[in-house]
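Below you will find the structure I want to go over with you.
We call the chains A, B, C, D, E, F, G and H, going by the order they appear; numbering starts again at 1 in every chain.
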Amino acid sequence: MMNKCLMLLALVALGTQAQTRSYSVLSTDAAQKMVAAGLKQCTKDGYHVTVAVVDRSGVLKALARDELAGPHTIESARKKAFTSASMGVNTTDMANNIADKPALSGLRDMHPDILILGGGVPVRIDDQLVAGIGVGGAPGGHLDQACAEAALKTLLK
Amino acid sequence: MMNKCLMLLALVALGTQAQTRSYSVLSTDAAQKMVAAGLKQCTKDGYHVTVAVVDRSGVLKALARDELAGPHTIESARKKAFTSASMGVNTTDMANNIADKPALSGLRDMHPDILILGGGVPVRIDDQLVAGIGVGGAPGGHLDQACAEAALKTLLK
Amino acid sequence: MMNKCLMLLALVALGTQAQTRSYSVLSTDAAQKMVAAGLKQCTKDGYHVTVAVVDRSGVLKALARDELAGPHTIESARKKAFTSASMGVNTTDMANNIADKPALSGLRDMHPDILILGGGVPVRIDDQLVAGIGVGGAPGGHLDQACAEAALKTLLK
Amino acid sequence: MMNKCLMLLALVALGTQAQTRSYSVLSTDAAQKMVAAGLKQCTKDGYHVTVAVVDRSGVLKALARDELAGPHTIESARKKAFTSASMGVNTTDMANNIADKPALSGLRDMHPDILILGGGVPVRIDDQLVAGIGVGGAPGGHLDQACAEAALKTLLK
Amino acid sequence: MMNKCLMLLALVALGTQAQTRSYSVLSTDAAQKMVAAGLKQCTKDGYHVTVAVVDRSGVLKALARDELAGPHTIESARKKAFTSASMGVNTTDMANNIADKPALSGLRDMHPDILILGGGVPVRIDDQLVAGIGVGGAPGGHLDQACAEAALKTLLK
Amino acid sequence: MMNKCLMLLALVALGTQAQTRSYSVLSTDAAQKMVAAGLKQCTKDGYHVTVAVVDRSGVLKALARDELAGPHTIESARKKAFTSASMGVNTTDMANNIADKPALSGLRDMHPDILILGGGVPVRIDDQLVAGIGVGGAPGGHLDQACAEAALKTLLK
Amino acid sequence: MMNKCLMLLALVALGTQAQTRSYSVLSTDAAQKMVAAGLKQCTKDGYHVTVAVVDRSGVLKALARDELAGPHTIESARKKAFTSASMGVNTTDMANNIADKPALSGLRDMHPDILILGGGVPVRIDDQLVAGIGVGGAPGGHLDQACAEAALKTLLK
Amino acid sequence: MMNKCLMLLALVALGTQAQTRSYSVLSTDAAQKMVAAGLKQCTKDGYHVTVAVVDRSGVLKALARDELAGPHTIESARKKAFTSASMGVNTTDMANNIADKPALSGLRDMHPDILILGGGVPVRIDDQLVAGIGVGGAPGGHLDQACAEAALKTLLK
């Protein structure tokens, strides 16, 4: 019977396919949980940071900043999240990949919200890119990334 | 049998509901058709305009400008589309509604892409807001709106 | 004995008074609770909004956006919070107060983050201005404000 | 014989019509002459101004500022020129036309270079819009406009 | 003998007149004194403000902000100073003059640093415009202006 | 007889030469065809991109974005097109040429719309620069460029 | 007895700890003294500079510019101060540390007010970061830094 | 006798020294002549450029753009002029000096109008910095600089 259902679904989909496509987006509740988890991990590690989650269109979904995190961390966290969501990349990998390729430094100038610096990770669910998370404020991109990855774990529960 | 299918679907949906939500977005193909149709209508009416379509996140999807439309029309068309997609409003109605309410003029300052001026129309398919279309360049908001509405008709074909 | 303590404190304070002053700032934990509470209230009321809290310096502290709130609500919520924190005002009152005073419309141009539109409320603890909260997305400033006030209640618990 | 020539031209034009259109643009030499003439007139009238000429795409072509004209006049002159070139309007007329139509105040927000204030005049040659000129700094839009019109006279010589 | 000196001077001046003009600008020392005096007056009046002085080119010369003045006051004070220096006007008078003239509201859009709101005063020495001072943060433009005028008195000592 | 025609034309041209110059600009129809062709090629190649065409003044003429192309691609495509139109260069060549010349890195800061990164190609018709096309979103400038070049082919038909 | 006092204080603090935290911020008076001292040192050294002090939130507190310091020094001084206050770093050290690490050049793009160039120093009192000071205009970051350090000495008196 | 005159002048100067300083600024007439001369030289050399002159405060004084110079040249010429006037440097020398000093690349981020790229030259009269001139559009900074230097010659006539 499942087959018939899928067939029906296929037909329904077909009808709207011409004009619309369907997306999965991270829920606000999940975004808030990720932000809280990332902040908790960095606080535990002894770092004052901002954690931001943006949807796949790069629009901010949830953010929180530690009392002692500097004002620049709001933008650094948000931009790292934007970069991961818009390009589907881990910003630490990207920063390393272009470090010795000056012909690619234009990548930094593509858009005002692009930030190629460790601490941004794409969020995928069922192999679909649904958001991006960014952390800023720790003394090193790998430290920011560790908190972003801790936040991703909340999606597995 | 359809009921059972819907039931199955409900179960599937339930599983991901906690972390994701599903969206319908206008296809790029449909967006390009709308832009071409809006431009064609205004050209027929004797106006030089820009027509823009943005997705429900306000991100530009398709745009075209008449050779003789002034450079300001790119932003006016895009912002009208953004306003209709982000607020779910017809900008002509909104402009009239707040015209005599100075306490609401702050609405113009909410976001740099908000433009409360006739010519922007929300795009809905199956009662879902999936995009916004904006037209700029005709000598009157109602004239811009007429071209936006002509573009919407392409979705009914 | 308390008097002696206060006396001691006074002396300690005196020593640093010349060069520093002391502030109370809202904790990040409290800011996140406020954002969650404001979002919950508006969802219950049937509105899709963004809720933002900024510290008294106007720097973002916590933010969350409903999946269906338009992208413009991020800026409208943040700016309302900024305006309430920086000016120490309820933005609904301010919007009404200047509505019929065109000589004061320059207030709208003071700073790019000022937004004089209902939905922003100053956050005070022990008579000290410690933050600002802003809500954007409901169809009316008074509706946005109701969610901001619900959020303030979390501070009384 | 002229007819045959025009016929030939028509054929030539036809060949490229599909892909290109032809424009007339004001020469840089003419733009500089206009700027000098406008500045001379305002100096004679006793006003310290900036005079700017932009092409029909709104891109600056020539500008000169009196030693005693305030820094804001660079932008006010350039924006008036942009507005006249992009919309094909006299900004004094436009400012008067929308003064009592609050539903049209959105026109001020269409583009960052739009300035609806007296002193901007479209430049037409052979009925073609080829540029815009703007003057800023005189104590009144009509005074700025008088200098812009004096500049236009240089095109008749 | 003085006559001969003046004659010599005239000749010297004549030589450079063609290519340069001479300006008087407020000294930094005087600007700092004005800022301190304006801040002192507002503190005495019980208001938390920012006081800014810009030179006749609108470039910031000196600024100070009270610990409790909101972040928006930096821009409001600086812009009022810019407006007074660039236009040579008292911003309170200007705000009142255009309040009932919607055709002039474009004046607010001339330049991003123009702010037509009470609290900005031009600084003149020997009938020459040498700077502008602006105050922001008091609950009323006339209160801001009173502090700006107290600052001007330091120039008479 | 053609010679006489050209002679007549020369005389006509001479009359207006002093004040105007003539330009060829890409038609909007051709721009839309190029955008559609570039998008089609990249989709065929398996890449999600934005394709943009700007006129020789750098003003956007037509744009389309694939549903799955990130939001940053709008600006990267538009800026590559601007750079090719304004500088008359192939951005891949330029990026390679300046890669090892740090003294030239200031070229990246000339204008906010300059983007020196592969994927932008100038559009010439009859040896005249009439527009620029840019593609963004493929995992490599040469891949973006391939789609831009496929789009150029539509002009040869 | 002191112990009992501290105990009482602890209890008081505990009560508000949940919702607020306490900060020390540099007084405006101290900020003005620092600016004057920094300017005096650079003038003595023969350099024309701007000196700026921002609070730990990066908001400008006091600034003064030498008559002959270029207009760019306002932003360079303010941004150096912002960077030192927001990141808690000496900008000379930071500039040297990242000079040979291209993977870290993204640090320059984190926020528009970040400037990684010698001349910015964090201001600490009782081991607390309370502000940042920046100097711009001397022909070398170490020379700007020397004036910033001279300014810090005013806090020890 | 001149000595006595200078003595008298010294006394006069002394009186106002406390509050004002005197400047020499380039006349608008001289600025326009420089722009015309620079444009003429580049046209003669076969390059399509924009030439801009700013006063010592970095405010635009005169500008002209060749019909075929790209839109980016307006900003590149103006910024080179700003950099030369504000820093008192030849931008070609500066670009070469910092090319191999990554620790100094922050100089590029000091201010949005700073452009460290060949083609900007400071304008000095009687050893006083009175303005800056910048040229943009030639295929090489040294070629832009040659036109700027040709413009400087007009000051010697």
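Convention: contacts are C-beta pairs under 8 Å (C-beta built on N, C-alpha and C of every residue); 3 or more make two chains touch, one makes a residue touch a chain.
What you see is a predicted model; the values in this text were computed from it and never measured.
With contact taken as defined at the outset, chain D and chain G are each touched by E, H. Because chain G and chain H share one sequence, their contact can be compared position by position; here under half of the interface residue numbers appear on both sides.
The two copies, chain A and chain G, are related by a rotation of 90°, based on C-alpha atoms and rounded to the nearest 5.
Centroid to centroid, with C-alpha atoms defining each point, chain B and chain G lie 47 Å apart. If you average the CA atoms of chain F and of chain H, the two centres end up 32 Å from each other.
Centre-to-centre separation between chain B and chain F, using Cα means, comes to 27 Å. Chain B has residues 21, 25, 27, 57-59, 67, 71, 74, 105, 114 in contact with two or more other chains.
Under the contact rule defined at the top, the touching pairs of chains are A-B, A-C, A-F, A-G, B-C, B-D, B-F, C-E, C-G, D-E, D-F, D-H, E-G, E-H, F-H, G-H. The part of chain F that touches chain B in the complex is made up of residues 25, 27-28, 31-32, 35-36, 39, 57, 59-67, 71, 74. In the complex of the two chains, the chain D residues touching chain B come out as 21, 56-58, 82-83, 85-88, 101-107, 109-114. Here chain D touches chain E in the complex through residues 67, 70-76, 79, 91, 95-96, 99-100, 105, 108, 114-117, 136, going by the rule given at the top.
Here chain B touches chain A in the complex through residues 1-2, 4-5, 8-9, 16-27, 29-30, 55, 57-59, 125-126, 130, 155, going by the rule given at the top.
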